[in-house]
């Protein structure tokens, strides 16, 4: 379970998160929507301690993420993260990309990490691209590679930060298909997304961010079909 | 009567200023010559006709693999063998021009290659001839990529003019005139520091001029 | 021109001397690049430091190395240090000056290489649970290395050609030795051509090795 309580975060004088409360249960899929600069992506960075917070508390399976005594590298193994930019490591093949962290973070033997890599690459539909370098892959394939790389650490949660935003329209579908697959398998996910139809279909709950707070949150279908608040309605009206 | 002063005099400053002028002149003349020649070589190579591509490539490779001092001396001997009166200043300028042209050629070729081919096709599609498309589309676009590297080459050229000293060219450029002063007043550190300051200022002026040119609206609009 | 008759006998006779001198050229090149690189790594780190003194020291070093002629730098080490009672041999002066120059240029090359790596690469690697040290060693360094490989190769070649300036202060590296021998035998054209050829062979060897290595190491 991920428990977020009263989290505040500023960059200099700019307060980006102004008191966020959110609890995500095991197996749940929560989509975060909202305009750019509303703080959704920052929240993801705070959950796996890539960004610090000024006040409040984030707990992952009972571990206080931002406590000084927390081993952040160890914590991040629980939390897979995928970014908008694909961030495939250009100097490594697809197989090496996926095997890197299991080998050097978990210390698994090479034979095992290779198997792991092959398994997860096949899982995201890249079974025939094991020895390809990222430059030889399309944007959609690179993003699926990034997903496989995160999955290979066998995380309990996946944080997805606008993973389809940098893709050409015709490549969005293949990445969303991969995410649907994860949702069906019961992976707990927090996804920042602009794909409203996708959120409606896959998410259990949707949270609308506005100006650093969760302006409205509710079951996906309800919030998207019949938003209760004006700003939510305006936003959805603009984007749909 | 001993009227040779052993301190730095106003005349010395004049000599150094004159040397700086000669350095500047050498840079301008061989810089312009080398840019024109290098442009032609780079353009010739970009055509990718084997009979041009490889000989020009060999020229570039050789000029970049032999120390400039040796090129100076060889050019000087070569001119003598050809039967010209020995003129270190002239053979120095010719050497510098041929030398820097090889570097300019590679920069020019990279600039031409950096212009996306569809852009050229689009220009041709509008009915522009090859020369027109080159002049109106490829050159302005390529300039953006070429300018920083070209500036670096010109600064390098200015510093390399100091090597003309091995030929004993006259009038002396900046470093040679500093040496003449050092021989007399025996204050190498001070004089060399002064000469360094001169070079520094000239480099800075060239950089500033190019930067101002880069601020022109056309180049700005090509910023991304 | 048609009257000029090449005479190579003297060159052949002194070929062993030229080869020995070429090894001296190589030695100075290798040393100046290795020491220069070590200094450049330190300067590149200092350049990002919060300490104003370290920042300015680095900036000054880089600016001086890049904006003054290498020959002036050699003069400064050879003649200029005399004011402090330090008298370097031609060998030491050339090595010091070329190293000084290398360090300045290499600092800029390293800075460019670090800038060439997308900062989000580091974030992605941290996100996988890697320690900062692992992130640098496994993800950042290989990408920086690729970005700086070609510029460093060019710097090595520049250093090799730059050592020829040693001739002016009487160092008998390849160019200096050539100058000495031609003055003994009065065959300047032949001797300098031979020297040019030796430089060409050395430079091409470096380039070919670098290209082969790059093709093997940077398949990505």
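We call the chains A, B and C, going by the order they appear; numbering starts again at 1 in every chain.
Criterion: contacts are C-beta pairs under 8 Å (C-beta built on N, C-alpha and C of every residue); 3 or more make two chains touch, one makes a residue touch a chain.
None of the values given here were measured: they were computed from a predicted structure.
Colleague: If I average the C-alpha coordinates per chain and also across every protein chain shown, which chain's average lies closest to the global one?
Modeller: C
Colleague: Using mean Cα positions as chain centres, tell me which chain lies farthest from subunit B.
Modeller: Of all chains, A has its centre farthest from that of subunit B.
Colleague: Report, in whole Å, the distance between the mean C-alpha point of subunit B and the mean C-alpha point of subunit C.
Modeller: Comparing mean C-alpha positions, subunit C is 21 Å from subunit B.
Colleague: Can you work out the whole-Å distance between the CA centroids of subunit A and subunit C?
Modeller: Distance between chain centres, rounded to whole Å: 47 Å.
Colleague: Using the average of all C-alpha atoms in each chain as its centre, how far is it in Å between subunit A and subunit B?
Modeller: 53
Colleague: Under the stated contact criterion, what part of subunit B meets subunit C in this complex?
Modeller: Listed in rising order, the residues are 61-62, 64-71, 73-74, 77-78, 81-83, 155, 159-160, 162-163, 165-166, 175, 179, 182, 187-190, 192-193, 195-196, 199-200, 203-204.
Colleague: Subunit C touches which residues of subunit A in the complex?
Modeller: 48, 50, 73-77, 79-81, 83, 85, 87, 89-93, 100-101, 104-105, 133-135, 146, 149-150, 153
Colleague: For the complex, which residues does subunit C have touching subunit B?
Modeller: Per the stated touch rule, the residues are 1, 4, 63-64, 66-72, 75-76, 79-84, 157, 161-162, 164-165, 167-168, 175, 178, 188-189, 192-193, 195-196, 199-200, 203-204.
Colleague: Contact residues on subunit C for subunit A in the complex?
Modeller: 118, 120-121, 123-131, 134, 138-139, 142-143, 146, 218-220
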